[in-house]
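There are two complexes below, and they share chain A, which is joined by chain B in the first and by chain C in the second.
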Partner chain A sequence: MVRKKLLLAEDDELLASLLNFRLNKGGYEVIHSSNGKQVKEFLGQTMPDIIVSDIMMPYFSGIELIGYVRNELKSAVPIIIISSAGNEENVLNAFELGANDFISKPVSPSELLVRVARELNKN
Partner chain B sequence: MLKTRSLFWNHHLITAPEIDTEWLWVLTLVFMGLSAVYLVSVFVFRNRISSTSEKTKKLKKELSPMISEFLFYEDDVAKSEKSHYIDLKIQVRELLKDRFNRQLLTEVLLDLKKDVSGDTRMRLLQLYQDLGLHNDAFAKLHSWRWEVIAKGISQLTEMQVESAYSFISKFINDRRSTVRKQAEIAIVTLKPEGINYFLDTTRYKISEWQQLKLLDVLRNRETFDPPRFKLWLTSTNRHVVLFALRLIKYYNQNDANSSLVELLKHKTALIRLEAIECIKEFNVVEALPVLKKVFYKSNTDIKIAILGTIGELGGQADTGFLHAVAQREGHFSVKSKALAAINMIAPETVMPTEGIDHFEVEPVEREILDSTYKTDENMEEGVRPQEPLADLTISGKEDQSAVEAGLGASDMSTALSVVTSEAATGLGKGLVGATASRETGKKGQCGTAQEHVPPSVSGGKGLRSVSPGLGPPANIIFLPPVTPSDPSPYPSFDKTNSMKDATNHGPDILNLEVCYEEIRAMPGRPDRTDQPQIHSDDIDFLPPTAGNEEEGKTENDLVAQGFSNAVDDPGFVPGPVDMSDGIEGYGLSDFEVEFVKAEDRGPIEDIGFELEEAPYSVEDEGDQDDVLTWLLLQNELNEIEVEYEEVTTDLPLDDQWGHLIPEPVYYDHHETYMMGLLDDLEEMGDHREIPLLEELLAAEKKNFIKDRIVRMIKLFSRQHDGHTTTKKNYVEELNLPFFSVFADLFKNIDREAKLILLDEVVAVGDEKEIKFLDGLLEHPDTEIRDKAHQVLKLLVDKMAREKQSEKDKKKESEARETKALFDRQMAEENPEVDYTEDEFHQLLDEMEIEPSADPEVFEIDFEPEEALDRCHSKEILDMPVVATEVSHNGASFLFQLYRLQRNFMCKLNG
Partner chain C sequence: MKADDLLKRVSDLEVLLNDFSQGQLRIDQAENLKQVFLFFKKTLVHSISSTGMYHSGPTGAKEKTSFDPLRSPCAENKTEDHIDIRTYDAIVNHFKTYDTVLKSLNIEPPMKTEIYSSFIYNNNGKSVLEKRESVDLMPLLDDCMGEMELLEELLKLYEKNAMEFIGLAKIHLQNADYQNLKMAAHKIKAGLAMLKTNDLYLIVSQMEHVCETNKDDKYLHFLYNCFVEELPLVIESLQEALSDLRKNNKH
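This part shows the complex of A and B:
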């Protein structure tokens, strides 16, 4: 069975490790990037099946990433954003730019897993 | 040249210090050593920090998959995974033997706890305890350092170690505020009953911020059943009471009404305020009497809160209190709140009064109105335009623009007629409503009517009514309500009729007693003597038009209803005014008419005419300029029997009151100037102005000015004498000790300068400085102490020498006097004998008189000597300057550096 590629863009190493573990265990091939530059580089080479990205990231924010994927790469890959609570404005911006879903911190890894599965099923 | 030299000689003290090169090398080496130590320590510490950071990062990378493994481990996994899990457990246990690793793992878990939620979080909390990390936190509770205890409590709270509850609860009354606050939050967080324990036991203040944090904890508790917080309203800790009140309000526990009412009498303002808020929130109507009772003893904030609550909960019965508050209170906010509260109870009882403009009828508007009313005459009955009881006035600008836009009179009139008929209909409805509301005894009868009447005429055609609609309700209350089927026994009252229609006034109206206040226009007041300029505001005093019985029933209704409301008003003085022709086609009804109680009438100035000094004078009765007379003539009412309210006096007014009224004093130009000048002098001048005042007195002719100048001179002289005497006495009484100028200087200079100054004390000081130097003998600086000691010695020697010299001088002077006396006597007795000096001394010996020790006693030079002109020998001037004079006493920078080490050692040794 081919595992779906999931790009996890998260600068918090601990959380990223935890989510990575959970998503990996959930049956996804997780590629972790801790900053926007790495994400951009990776996207230049391959397009994952789904992107899970934090909004606040060094060099290249989650919002910019959505813009980049939708406008420059012209890709319709599902994007789930992770945002801190009380960051509604950014979430709205993200949706305007083409984000598919969002999950707020503190993140429940199980919930994320469900959302990822749902987005992939949609497509 | 000589001067230059003497200058140098005088300033030798500021010469650069001599540097001891031996010490310089030592210091250089010391500094180099210190720099090396500093650099090495920076390097070592930096490396240690970076290595720790690296180690932490590495360990975190190592730990995070382990943590993930532990968090997401499930029992129903493959055997290989199980064995891997067991391996990890063993690995972790090994790691946790190291204290640093334990700390790090705790940090990681605490960090992760913030980022994860749901079941992952629960597993994480469990993992924390499974790994035994909470034991470290427990150990911290035994520390003597408050920050460690606080950290321990915080950790146990964060990781929700419920078993820590009893350990932490003993810190609830800890005297260290950080520990105490942390314990409070822990207690409330760890167990649902923690809040009860906290409120029961806390003895300390609960800050506002702490209250918010505790409330936040309670708010976020799942399945929290709040206790009845009224139980803590009886607490002796007022902060607990306050917090309980806030919790009561937050959790809507409205079962403590009696306690809330009682707390209105609490000494603490905050508690009272919070109780008022609760009362308002829970509609505790029974608190109203107590609120009123405590009102006057409260501060402004509480007063405002009380008024707000009365406004919310109160009824008509409470408006009296509110009115009283509005009248008595001086504070603007309280007053405003009282008025607002009145309006909350009875809406629009208090109308806005500030900044309300009075619109005047301009000539152009008048023309438009005129044409409008002429058109109105041709209109059918029942559709007759009717404006509200108040006048229909027109906004100048819009109207003007309409005229300028070329709207014909007919257009305008059409527009107005349509609008006014609408207004009439609306008004009619309004008044019907008003009648109904009055009959049912509801408040604000006319308020309803006002709401129904369109407040302004639409500006669509360029006209806009700025009339507020009906006047105040009380003004027309005297007329009974009239229905269309019930012919009115009272004459109908047409507000909008032109005067031509107003001829059929009833005889009853004409026989009414009229009470006029007579006014007289000032001569020279414009312009048109036959038709004076009258604004609607200027005729407030005039009674309303009463007349045409043939008016439509609707009008009658309106007016009757309006007047019926005013029947109860005993102070109202009606006046029939029948107007066949108005002013330029206006009827009096065209102006804003306000019915005012005679006793309530405003100041006479409101009428808008300038009044003469004696407004009640009747001497100008027949004056055609009199507006009233003119109006009566114009309206053929001059035959009406008018009863004047006259002030009858036996004596002329001047005789009666003249002695009470002061004579006016008018100054001419000179007098005004002089009085102003004298005012200024009196206010700002002192004895130095006496010469000027004397000059002015001499030049002045007016007696009253002279008197004033004389008074001022006396005053200034007295003040000056008094001041001088007082000052002298004061100085004498003080008997101040001798003050050393050095003492003052000494306070404000650095160490080096102090030492230099001490040198100068010997040269220029005297006995006044002895006490000052005495004080310096206990100076903390040894150098200064030693120096002071030396200087004191020298000064004492010097003073002793000076004393001796003075004594000698005294003796010489005595000897001189004796010799002069002796010479005079000898010369008188034996003028031919000439005594030598030896003989004189021999004589003195014989007489046992001690001669002066100074051999040159007879060659005393009294010529003063200038220091700068003093001639010094070349040896003195060429003398090399001793540089060590400054450095020796330890005042130089290098010397201080040298002393630094010693001082440092001294400090280390205590």
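This part shows the complex of A and C:
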């Protein structure tokens, strides 16, 4: 069975390690990027089935990433945003730009798996 | 931090608290309020303990003592560095008011927590907070699907992140670069919350808040020092918790 490609854009190694592990175990092929530059480069070459991205990332924020994917790449790939509590304004911006869902830190890996599956099932 | 600074902050908080009524307070606001309050209480305890105001026995006694925030300070220990009794009484009165307000808002009074419950005295008679927070790594081990190696790796990353934060925060403080300090504090919060190390989480949350608001340099230095002092205790607790998990796994 072909594993769905998931781009995980998260610069916090601690969180990324745990999510990477669980998403892999959950049957996804995870491509992890720790900064926006890498994300942009990757997206220029291939489009994953779903993107999970932190809002605050070096060089290229999660907000910029959504704008880039929706407006420049013209892709409707599902995007789930990871945000911290107290970042409500950014979350609203993310939705306005076309994010599909968001999950608050600290992220529960099980919850993320459910949300990822739900977004993929919608498509 | 000086006692009168502390008192001013506590007074500011009181004004904030009085602005709310139970019906107007959302759950997240109540939780934030509680966390801020907890932090201030901790700051107060730390400040008072470092001035040596609390003594349950002879100076230099090594035994653990119960911490009673409303106990009278030892007047004979008063020196220029110590909080004077009037200031102390004012602080205590403020906390009594807070407890009343918190109860009226159905927020659990923070002194129920064991975090602040005990002191230990070192050889110089100076009281320091005893190792306070026990850490439960079981939920994280569940998230790791029982993989001890992954858990150990996460703990190493946690420590690495914390050390990096110390280095970055020091530089940002030296440069009075509050924007980057705020970013650094914001970044580390997720990891601290992930391992439920609440003491450190409260400290960096407060740093982030101060960077956003009044950018009080002295207070930020104080918080930074709190983090530096607290981290080894937290790491020790994490190692103990890890060791317990290993033992349980063998059985």
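One rule holds in what follows: the second predicted complex is superposed on the first by the 123 of 123 C-alpha atoms of A that agree within 3 Å, B and C clash if a C-alpha of one lies under 4 Å from a C-alpha of the other, contacts with A are read in each partner's own complex, and residues count from 1 in each chain.
Following the convention adopted for this analysis, a contact is a pair of C-beta atoms (placed from the backbone, for glycine too) under 8 Å apart; a residue touches a chain by one contact, two chains touch by 3 or more.
Keep in mind it's a predicted model, so treat the numbers as computed, not measured.
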Item to complete: Kindly classify A:56 by the partners it touches after superposition: chain B alone (first), chain C alone (second), both, or neither?
Response: second
Discussion item. Going by the contact rule set out at the top, does A:120 touch chain B (first), chain C (second), both, or neither?
Written reply: neither
Worksheet item: So, does A:15 touch the first partner chain B, the second partner chain C, both, or neither?
Response: both
Discussion item. Contact-wise, after the overlay, does A:108 reach chain B, chain C, both or neither (first, second, both, neither)?
Written reply: both
Item to complete: Based on the superposed arrangement, let me know which partner A:25 touches: chain B (first), chain C (second), both, or neither?
Response: both
Worksheet item: Can you list the residues of chain A that touch chain B in one structure and chain C in the other?
Response: 12-15, 17-18, 21-22, 25, 105-110
Practice prompt. Mind listing the chain B positions that touch chain A in their complex?
Written response: 60-61, 64-65, 67-69, 71-72, 108, 111-112, 114-121
Worksheet entry | Residues of chain C defined as touching chain A within the complex | 28, 143-145, 147, 150, 153-154, 157-158, 160-161, 183, 186-187, 189-191, 193-194
Discussion item. Applying the document's contact rule, which stretches of chain A touch chain B when the two form their complex?
Written reply: 12-15, 17-18, 20-22, 25, 105-111
Fill in: chain A residues touching chain C - in the complex, by the definition given at the top
11-15, 17-18, 21-22, 25, 56, 84-85, 105-110
